[in-house]
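Common to both upcoming complexes is chain A, partnered first by chain B, then by chain C.
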Partner chain A sequence: MLQLIQDIIYDVTGKSGITYETDFVQDLALNSFDVMNIISAFEEHFDTSIPTREVWQLHQVKDVIAYLAQKGFTEP
Partner chain B sequence: MAGPAVTIFYCLSPEEDRQSHALLYRSAGVFSGLSAEELGPLETNPWGKPSFSLRPDLHFSISHSQDWWLCGFSSAPLGLDLQIHRSHAAPAVLSRRFFHPWEDAFLSREDYRRFFELWCAKESWVKYTGRGFYDDPASFSLVSPTGEFPVMEGAQLQLLPFAPEYSLCLCTKTMGEVRFSSLSP
Partner chain C sequence: MRKTLDRKEDFSVPIFHTFPEFLEGIARLYGPRPALSWFTRRKEEKTLSYKELTDKVSALRNMLLEKKLPTGSHIALIGENTADWIITALAVISCGYVAVYVDTEQSDESIRDMVRRSDCRLLFLSGTFLPICLPLLQDGQVSGMILMGSKTTEAGVEMLEDLYAAGAQKEVSAFPQTDPSQTAEIVFTSGTTSQSKMVLLSQGAIMQNICDTGTYVRLYERVFCSLPFYHAYGFNTAVLNSFLRGCHLYINGDLKTTMRDLQLSSPDSMLTVPLMLEAIHNQLWLGVEKAGKAESLKKLIQAASVCKKFHLPANFKTFDALREKICGSLRLIICGGAHLSKEIAEEFELLGIQVLQGYGITECCPLISVNCNYDNKLGSVGRPLPTVELRIEEGEVWARGPSVMQGYYNNPEETAQALTSDGWFKTGDLGYLDKDGFLFLTGRKKNLIVFKNGKKVSPEKLEELISSIPMVKEVLVTGTANGVFADDVKLTASIYPDPQRTEGLSSYEILEHLQHEVDKINNTLPTYQQIQLVNIREKEFNKTGTKKIKRHGN
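Entry: the complex of A and B
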């Protein structure tokens, strides 16, 4: 799942070097528009809709991995 | 009657958000004459909007996009948002997913040319309210049923010129003078 997240973030923002501990705002300096683009990319990849209010609780890459696992999303 | 003045400080974007913290305190010092000790550490409301713990009456709003970092200061609440005209997903896709149907219809009529203006206006509004995008961005519209933009009852949204290929919007309760001030590196 880390590889998928790395790929999506690179595609959307051009940023690399993502680890489990990477913080989207503190380390990558992403703004809300970047985050919306990333949500859109995840929704397209998993063919689902992710409620935006749940996204703002996810600060680090490991939070996204735990969230996706909790929702039952796995890599195809 | 004119509202409180707003001063917008700007400089080239820092590489990491941590540097934004230092820029905030520097610009707050220039605006108010107060030191970091007098401003106090930052605290956040339940939705993450920051304020100075010792001077919550000194209102500010930070925005950064690509090359630029901005921070607006005023004696009244404000929301500021800057966005470069660059998107991974097509504006039409993002508009249908994240915007209110009235907003999407408005953008569609304009062939999505005003997409970034609308995005900035929406973000400046949620920064002004202090709730961020905790609420679904499609749950409110800054386009009236008759197609006027930008409109929001109880607030003033000003689309301001800043730099080519960027949109900038300031949201305040009432319009006042807006000044820009360059922050030296």
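Entry: the complex of A and C
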């Protein structure tokens, strides 16, 4: 799953070196618009919809992984 | 060269005084034309014609009138930008009720508080806000809820789809007697310091404002709007104005899909805020830099600027190609809500995209002034609308006219402070009118930094200068207490550096570079206006609903 997230973030922002603890805003210095574009890429990949108000709580990569797992999405 | 509008005859608009008149008018004038489109998550385009749109409004009005609520009842709208939101607002207001626009970017408790404070007994809400607002129904604080865009089995919650279907089976009921002085909207101001105020806007005030706007700004055929509808700029200026002209409006309300929908809809006109315009501008330059053509484009822009200065033609083919690639058929951008850098506007103009900056405030419906397609002065916020009187009182912009609010709901003290006895509204913004009657804004009164020597400076002015440093993404200038006397302040610039321009640099290197650039700016300013401290932020600033940097709480 981490590899997939790394790929998505690289595609959207060009940023690499992502770990579980990477914070989108503090470590990658992304603004709210960038974060939304990444979430949009996740939505497309998993064919799901992540409500905007729930995005506010996804600060780190591990938060996204936990969120997707809770929704039943796991990468084979 | 593309056609640009330069004749005043292109600017005649139908004139309406109430929402029922407006609805009858747009159905009659534009019936079969496409009115409203949006894209589903799977990129399918959905469209309603003017006839379909107004038929849905009529169907919902039938059902609302059956509830026999007293005229002037407050009804809340809580949801994302959707066609249902627009239809509901139009139905509520044309029944003679008051539509209360709840700011959905607030916390759960703030949303419930807004419903309580505005005395709403009936709510229209989307699925996202149902669990947040259900306690209000269960506690009896509201008497009914209508769900927009999804289904539910919750007791006491009706579904909008059912109301449309039932209402469409009935004879279209006549509009209730409506007077222009009736309150139509309650809009929350995005106050940054204290509790938000509830602005009362009448039917006549809103209609006057959109008709006035239409005489200054000519939108083309396809209009894109991602501004939140719960702000007067989003609903009154963008949505209603677009309908007034019979345009085809594409709506989006989710940052996740804004850029996608902007491309899919391929608009020729767009209403937006500086943050979004700067994002498009950044995309444009990133694309150019990736293609290794940044230097040549910079030179070309310089050359075009010189040509423009001497009134020589500057329509280079490179600009046309770039515009088509990045911006599609976009040729008009209306920008408001916050200060826009003149340099960015100039670059868009050179690319052949006109940028019209305007100025508004919720309490004025909102538009006060705007540039015209045929008379645009960059850096200004345009001339006052035809029925808006402007006066500059000790540097502060005061506005008077039929678009001024009725007052703040349940707040006579604040109303008395904001409105003079002879009808002037004190905007709290500082500005001046030039010899041609264009308004220029210089700052906000409440943000004035006052120095011990009695001199004052508006932080916005300094922020604009610092924003011109390429490495700066966002900046906030504040007056920090010096510790000696209460009014002895030093100016501090807190800067959020552009991460794309600081990649690989240490914090120390970034600070050193910024300090050097700020020193250069300081050299051009009187001593008291010089920035004394530069701070670097690791996070972007918190923003209000209209994407303005919050001056407090950052």
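Here is the rule we use: the second predicted complex is superposed on the first by the 75 of 76 C-alpha atoms of A that agree within 3 Å, B and C clash if a C-alpha of one lies under 4 Å from a C-alpha of the other, contacts with A are read in each partner's own complex, and residues count from 1 in each chain.
By our rule, a residue touches a chain if its C-beta (ideal position, glycine included) is under 8 Å from a C-beta of that chain, and two chains touch if they have at least 3 such contacts.
From a predicted model like this one, the values you see are computed outputs, not experimental measurements.
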Exercise. Taking the superposition as given, does A:S40 touch the first partner, chain B, the second, chain C, both, or neither?
Worked result: both
Exercise. Regarding the shared-chain residue A:D11, is it in contact with chain B (first), chain C (second), both, or neither?
Worked result: first
Exercise. Once the two structures are fitted together, what part of chain A is touched by chain B and by chain C alike?
Worked result: 25-26, 29, 31-33, 36-37, 40, 43, 51-53
Exercise. In their shared complex, at which residues does chain A touch chain B?
Worked result: 11-13, 25-27, 29, 31-33, 36-37, 40-41, 43, 51-53, 56
Exercise. Any idea which chain A residues touch chain C in the complex?
Worked result: 25-26, 28-33, 36-37, 39-40, 43, 49, 51-53, 55
Seminar exercise, completed: In the complex, chain B touches chain A at residues 13-18, 20, 47-48, 63-65, 83, 87-89, 93-94, 97-98, 119, 123, 132-137
Problem set entry | Complex contact set, residues of chain C against chain A | 41, 80, 128, 254-260, 275, 279, 473, 497, 499, 502, 538-540, 543
